[in-house]
Amino acid sequence: MNNKITDIIKEYPDIVRAKKPLIHHITNYVTVNDCANITLAAGASPVMADDPEEAEDIVSLAAALVINMGTLNKRTIESMIKAGKAAKKKNIPVIFDPVGAGAGTFRNETADRILNEVKPSVLKGNVSEILFISGVSAGAKGVDVSDDDKNINEDIIREKVMKLAADTGCIVAATGEKDIISDGKRVIYVENGHKMMSDITGTGCMTTSLTAVFCSISNDLLLGTAAGIMCMGLAGERAFALAGQYGSGSFRTALLDEVYKISHGIIGENTKIFEG
Amino acid sequence: MNNKITDIIKEYPDIVRAKKPLIHHITNYVTVNDCANITLAAGASPVMADDPEEAEDIVSLAAALVINMGTLNKRTIESMIKAGKAAKKKNIPVIFDPVGAGAGTFRNETADRILNEVKPSVLKGNVSEILFISGVSAGAKGVDVSDDDKNINEDIIREKVMKLAADTGCIVAATGEKDIISDGKRVIYVENGHKMMSDITGTGCMTTSLTAVFCSISNDLLLGTAAGIMCMGLAGERAFALAGQYGSGSFRTALLDEVYKISHGIIGENTKIFEG
Amino acid sequence: MNNKITDIIKEYPDIVRAKKPLIHHITNYVTVNDCANITLAAGASPVMADDPEEAEDIVSLAAALVINMGTLNKRTIESMIKAGKAAKKKNIPVIFDPVGAGAGTFRNETADRILNEVKPSVLKGNVSEILFISGVSAGAKGVDVSDDDKNINEDIIREKVMKLAADTGCIVAATGEKDIISDGKRVIYVENGHKMMSDITGTGCMTTSLTAVFCSISNDLLLGTAAGIMCMGLAGERAFALAGQYGSGSFRTALLDEVYKISHGIIGENTKIFEG
């Protein structure tokens, strides 16, 4: 199974570079530069217009839409809903990252609205965020996975991810030490990644951007999502090997380097991706 | 000619470092950090205040104003207009980068408003944006140069740039493989640059910032603009030679390094700048 | 004295890494990514939610709040006031960085409002900003220390810092070549740092974030503030030694690396921190 999935997704980077898909992001102001750079490193083209006045115009030019709720306000929420609905109408995949879901009413209600009104194609969050949305009381603290959630049994997460996917019609991905991705029927695990990735900001957001890049050129959004998550994890492993010893600044630079290299052809080596 | 222009602009970095001009930016939230760092690397001082409440106060302290419409909203458009008018009244050069012009009505109307109400000193965009503003139907896709526009004959671009400069009274610069800059009468070509610059976000925005830096200390805005564009292109070549092989993260770091070094004295070597 | 202070603060990094305190920032869009990364490098966890709708909810989860007025608007000012008041009510330390105070009425009035309505725990600015708030006419130009203020006698700054601390009840820190920190009675000097730190954006903002990190785990906010300022200065010295020769891009990467390394255990060497 591993080989079969890897055989398919290892073609993705070349397709991306050939098509240079436009990836529209409505995202947070903390990691927006990182998201733009990772999108370019993967061979796609980012656009970050976030005003309601142009949300629909811009998304109509795009091959995928990222909705990332890292920093929210009334103006950008309106853009997210408008762009999201317009994208869905045109069959443009919508990748939703419910950053910080569980951290407060405003954020929780916004996640609900986006899920209900936009009906994203892919819902990708960390374990705490996905468990919170699943209705499991999660001990979310800010935007990182809580320590409690790190110890939740993998089979429980698998069950919640599958159910949430079946209930919402989204591809659902819960990232953690082992990433679990499902369309409600199939489940894919990704075991690439390195713990130093949580020592810099934006690795979650960048993973979402890569997911959008690969979903923009694949008809199989389950595989597109797995490819995005795997690509970032693999880059993290490689970046740690090259630069981890120097500190988080060098690691951050190396991470972008490694996505760039992977997108120029070496995907397929050292992938840890399994269907199960 | 080449030597004459180079002889003049090679003095610019020292003048910048001696004066440390304040460069006010009203710009996008994607590359604002890159713009601040490149401004500092060139020896100037950036300030990014973008609220209408203080736009006029802040610009009155500045030696140049950048208006970059990468990400727009009602609040920042109002600031752009207010600060732009105040700058013009005080003879502070206004450098306008119409990012994404052609990508939708909101953006197109805003570019029109800024051109008509502010009457910028310099209009600097990529070929797609400048051709769109010239009334040539451009196939703009997001914020990058479209493939169609990459193949437009250089003489046509030259003609459009000269006419737009004559019509608007702006120095007009269209960046591409060969950059073309005109005040309506003279034309300057810059051939420095490297294609890897389009693999990271913000190289266009940073070029605009450098243009503002050099325009802030020069009485000849045509040369100030050429110097800014040339400096970025030269840094791109040097950064590629040093770090291109490692990927886009290392290239990005090297690009800032090389602008820093150029601004500390090595401008004048390997410049490819021609009047013609 | 030096040894005594160093003995206490050298324990801080380990405490931070053990507790992973959440540091809520309401800050500017220029350096927000740098602030998030430096917070993570120090072993804490950043959250940057800046909307009034959630300011109180988010700060109630936090161990410290940064209010940084680098880029202001009506919406974020409201969030700053709301979050600041909520934090104070819950005894969460509030670190206020009055970026650009002195550069215009909007900024000056906002600094006043925050000082009066929030009553921050720590007020940390550069010499120009602190002198302006002290009522000394400062020649602030944008967001950097003015040349005039660089030449002000150290004893005068000391006196103003002590008086401002006594008058406001804040720990007051004025950063410059020599940093001066006081609670109104005691005065601590920090002499770590390197002038290349002013060649990149965000070193002041990142210092404020580190101050918040250390204040979040210390009962002695005077020492917490000194530790934050010292840690950044020490990282600057080390980054310059390693990477300064390559330019400001490499220096910027090295600065994050060095904070990461210091926070993993080497604080205590080469600290230049004195009570006097």
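We just call them A, B and C in the order they show up, numbering each chain from 1.
Criterion: contacts are C-beta pairs under 8 Å (C-beta built on N, C-alpha and C of every residue); 3 or more make two chains touch, one makes a residue touch a chain.
From a predicted model like this one, the values you see are computed outputs, not experimental measurements.
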Which chains does chain A share as contact partners with chain B? C
Could you check if the interface between copies chain B and chain C is built from the same residues on both sides, meaning over half shared, or from different ones? different
Mapping chain A onto chain C via their CA atoms needs a rotation, nearest 5 degrees, of 120
Compute the distance, rounded to whole Å, between the mean C-alpha positions of chain B and chain C. 33
Set of chain C residues in contact with two or more other chains: 29, 33, 252-253
In the complex, the residues of chain A that touch chain B are 22, 29, 32-33, 36-37, 40-41, 45-51, 53-54, 57-58, 61-62, 75, 252-261
Which of the residues in chain A end up touching chain C in this complex? 28-31, 33-34, 70-74, 100, 103-107, 141-144, 198-202, 246-250, 252-253
